[in-house]
Amino acid sequence: MPRIAYLGPEGTFTEAALLQMVAGDMVPPGGAAGEVVPLPYDSAGGALEAIRTGDTDYACVPIENSIDGSVIPTLDGLADGSALQIYAEHTLDVAFTIVTRAGLAAADIDTVAAFPVAAAQVRKWLAAELPQARIVPAYSNAAAAQDVAGGGADAGVSTALAAQRYGLTVLAADIVDEASARTRFVLVGAPGTPPARTGADRTSVVLRLDNVPGALVSAMTELSIRGIDLTRIESRPTRTELGTYKFFLDWAGHIDDEAVGEALKALHRRCADVRYLGSWPTGAAIGALPPPVDEAARWLQATRTGGSA
Amino acid sequence: MPRIAYLGPEGTFTEAALLQMVAGDMVPPGGAAGEVVPLPYDSAGGALEAIRTGDTDYACVPIENSIDGSVIPTLDGLADGSALQIYAEHTLDVAFTIVTRAGLAAADIDTVAAFPVAAAQVRKWLAAELPQARIVPAYSNAAAAQDVAGGGADAGVSTALAAQRYGLTVLAADIVDEASARTRFVLVGAPGTPPARTGADRTSVVLRLDNVPGALVSAMTELSIRGIDLTRIESRPTRTELGTYKFFLDWAGHIDDEAVGEALKALHRRCADVRYLGSWPTGAAIGALPPPVDEAARWLQATRTGGSA
Amino acid sequence: MPRIAYLGPEGTFTEAALLQMVAGDMVPPGGAAGEVVPLPYDSAGGALEAIRTGDTDYACVPIENSIDGSVIPTLDGLADGSALQIYAEHTLDVAFTIVTRAGLAAADIDTVAAFPVAAAQVRKWLAAELPQARIVPAYSNAAAAQDVAGGGADAGVSTALAAQRYGLTVLAADIVDEASARTRFVLVGAPGTPPARTGADRTSVVLRLDNVPGALVSAMTELSIRGIDLTRIESRPTRTELGTYKFFLDWAGHIDDEAVGEALKALHRRCADVRYLGSWPTGAAIGALPPPVDEAARWLQATRTGGSA
Amino acid sequence: MPRIAYLGPEGTFTEAALLQMVAGDMVPPGGAAGEVVPLPYDSAGGALEAIRTGDTDYACVPIENSIDGSVIPTLDGLADGSALQIYAEHTLDVAFTIVTRAGLAAADIDTVAAFPVAAAQVRKWLAAELPQARIVPAYSNAAAAQDVAGGGADAGVSTALAAQRYGLTVLAADIVDEASARTRFVLVGAPGTPPARTGADRTSVVLRLDNVPGALVSAMTELSIRGIDLTRIESRPTRTELGTYKFFLDWAGHIDDEAVGEALKALHRRCADVRYLGSWPTGAAIGALPPPVDEAARWLQATRTGGSA
């Protein structure tokens, strides 16, 4: 049974994402659906590092949030240290479960435990529904539930999974002030053969570029000229050398798409370093597909051998 | 006296940055050095919005952290809503002040209040120096000091400014596990004439691009072909339309550099929308300067009039 | 009265083009319509060189033929030596006048003098109309008429102007096997202020590039990124250094178009050498006009001064 | 024995080039060295067309002259009509042989037959050595020798081969005013497998592009981004549609170079039409070689299968 580290403690959105990935068809190689060993870690970086030390087979970590942007510790954990590879992704709508202990009604609630980021996302709901309650900070969404279970707070802003884990009562479900917030999680492992191309895939790389004007544009041209649709780009300073950057790029397509293969070879030649972070299915299209090159390849083959094109 | 909103409460790193900017020569138009009215706000977005509503003249907000990356609420607050403009920046090393109440020694401390993000950055120090202490979450670095002042905790992970504000004793100064962490703050106001070109300036824009393959590369080529040195790029999904992005770009140079002026005009023609976020001094060079074009301009002028080039 | 050197002798298509340019509104500065001194030269290069030596004010030379392509001696004469500038162009349909002496009918003609290039263009007509005649080579279209006038041949493949000049009878006019052939002529002088922008103009340059891969693409990108429509490109080896090239580029637009001015400045900075060959009216559009940049320039101006865009 | 059409008549530089190609190792498939049937044609276009009609197996035609530039009839003959392919090239220094009849000395010579283009290239020599002689035009370099043999002129500006063919005496050899003139000839046949890659090869294509601004730059970027060194570019109007162009491009490298193969595929996808004119050995390097991509290809293969890169 594969071990999967995750950003814990038990009951986080990350664990919920992990369980949904396992229950679906995103089972990592080596494990039947549902048969995994989840291992909570207290940081995304720690969960990723556990792959390198052999303490886990996979890690499930958040990578992007529609409100807060990229999860930097995850990006840095993927870019630095020995190579890792992404095999799957799963996106969750951000929506909280307000938990309490059995027997407590809304009117009884004086204190609400909440991770500060979560508190900010349910502020309006709390003001309207629990106006009398005072908010007390918690370390995580799961810790908010633990606080309620331990009697440290009357209610907590937490997750459905945490309510279940800690035997709490659900006061309200699917609570969020702004409904569009979503978090994307990825399943990471040691480098290996990517999942087969599905036609709706994402490829991700980290580039390190020489500090030369135009280096980034040249690298991006290797993609655009091949019709590859970039869906994300983000520069991050490297920690080792002042004024140098690493660039995280995502695009629609799979390493087994011929155009993507050509682009990766070209980036490998051009860049100081290319770290391949994987190709994996997204379920739905995230951008324009790389152009198929079958016809052009046939033409080249015919031309090379004097056949008619 | 100009009013300056900031990410509060009193005693935050943001207020410290603000006071250093005012004490230095980064005084916003309209105020003599040191003569400002600081107004604490509970979010970066709120501080920026107060400029639009007229409740403040300026806002001081964090924009980038070397550990956590871009401050998304600041980026979104600059990109959405009516136009705002950046006039100055200031970078602080992240280093915490451990505060306590008069009369308490290290051995007396059982609880340490800390904003969770800060707690993570002084974990090793706490383990070594206050191993017996239990950490209790606080809402912000300044709130940790308030908790100490109010008796809710014995010590707090906070700032030098907060120690002063709340009459606390400094147990240890300049504490951080990883010394290289830095946060960059910006001073924002309504659109106006940028500060004069100093030769070490940053220009920042937000681009909205049509969802066409190669649109980003074409836009970036407008910069690279003019020798402009890009120092940051980050894509963010727009909230209004699925699959469309806005791009935050920074580069070395000032709107009054001729190459930058040409590039801005070209972007204005090419992009669905260009929002100019300002040109302001950085103190030290952040990248290669845009090439001066005086000689080429003279050549063009001579050529246009038949003079010898 | 300005002197105008041309590719002679008297009666060539070049002289015809020159006279039409003078009769039209393409009068060079310094001369009223029709008041010029034509000076025949025996080569395009010689006519151009006469400008440099002060032996003429202007030169009229062919630059491009729809059948034979560029007129290399003209291109080289413009690219090498001291700078010259093109002020006007005129295009003639290539169509020959078959000349003979008074009293001779088609049936009497045994020999036809023809410049070999011209002979090839009326081969079918001669085979059909003068099947009995033998072709004797002449040095030029005008020389063919001289040969007829001198009795060296019974008929000649020549021009309407030569028939007139040498007092010959026109046997047939507007003769050419393939009707689409056209020759473009240019009026060249010393560098000076270009004719005013008309909105239908051509600009021409010669670039010398460092022998670096991608140098040409970078130079052309300076044009394409500014929306400038290239209408001709041709590489020619430089004579001075092995493996180096000069490039002749034409595009739609005038040096006083802002986009063209910016592109010329950029080329001046980027290229080992840019020789400006002039901007002049073409009468009809030759390609897409450079985009007007007034709105973008206004936006930039407003942005620089904090005004609303 | 393969038949090879050439630009005749017997004794032209083209026949000389053809014989040298056959005597060397540039024997076309199907013929042992020296065993070919030369077939004179009166135009380069006619010689190329004879391949299409099956009247010849190959054609030898001039393609480029260092003084006069591209040989347009050859370019058009390659670009229009059904596909042809270049298999070899050979460059000759342009240097004339002054021929006369046995028994005639320089002082006896009153008339010199010369093709006008050739006459221009030996003008200074004639003025110095045969000042009394009058020049009479001939149709070609070979025809000048025929004129001498037939008694129509006392001497002729011709070739060594023509002197031999027509039993003439050589008055002076290797005569040319400007020593650097050279003509490049190509051996053309029906499409077939190109000669094997030698590491010093030329590839040539004709592109037809949609009439869109930037189309040419995009096509050229497909080459430059892959490190392919362009050695020639020339635009020619297409005859079929006004304002559309075809572009002749040459570069260093062979279709079996991986970078060239990728570039050809990319051009095939991008351009309205790509006509491959062949890859053939040049003997000596004409430019920077395409970068080998073996290491990048190995990296891609390893990455695709999870192996270490």
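To keep things simple, chains are lettered A, B, C and D as they appear, and every chain counts its residues starting from 1.
The rule is simple: contacts are C-beta pairs under 8 Å (C-beta built on N, C-alpha and C of every residue); 3 or more make two chains touch, one makes a residue touch a chain.
This one's a predicted model, so the numbers in the text were calculated from it and none came from an experiment.
Chemist: If you list every residue number at the subunit C and subunit D contact, are more than half found on both copies (same) or fewer than half (different)?
Modeler: same
Chemist: Between the options B-C, A-D or C-D, which interface matches A-B on more than half of its contact pairs by residue number?
Modeler: C-D
Chemist: Sort the other chains by how far their Cα centres are from that of subunit A and give me the top one.
Modeler: Chain C.
Chemist: Just curious, how far off is subunit C from subunit B if you go by their C-alpha centres, in Å?
Modeler: Roughly 59 Å, centre to centre.
Chemist: Could you please state the distance in Å, as a whole number, between where the Cα atoms of subunit C are centred and where those of subunit D are centred?
Modeler: Taking the average C-alpha coordinate of subunit C and of subunit D, the gap between them is 26 Å.
Chemist: Subunit B to subunit D: how many Å between their CA centres?
Modeler: Here the centre of subunit D sits 64 Å away from the centre of subunit B.
Chemist: If you look at subunit D, which of its residues touch at least two other chains?
Modeler: 221, 225
Chemist: Hey, which chains are touching each other here?
Modeler: Final set of chain pairs in contact is A-B, A-D, B-C, C-D.
Chemist: If you look only at subunit D, which of its residues touch subunit C in the complex?
Modeler: Touching subunit C: residues 43, 66-70, 72, 75, 115-116, 120, 136-139, 180, 213-214, 216-217, 220-221, 223-225, 227-237, 239, 243, 247, 286-288 of subunit D.
Chemist: Using the touch definition from the top, list the residues of subunit A that touch subunit D in their complex.
Modeler: Listed in rising order, the residues are 85, 191-194, 218, 221-222, 225-226, 255-256, 261-262, 264-266, 268-269, 276, 291, 293, 295-297, 299-300, 303-306, 308-309.
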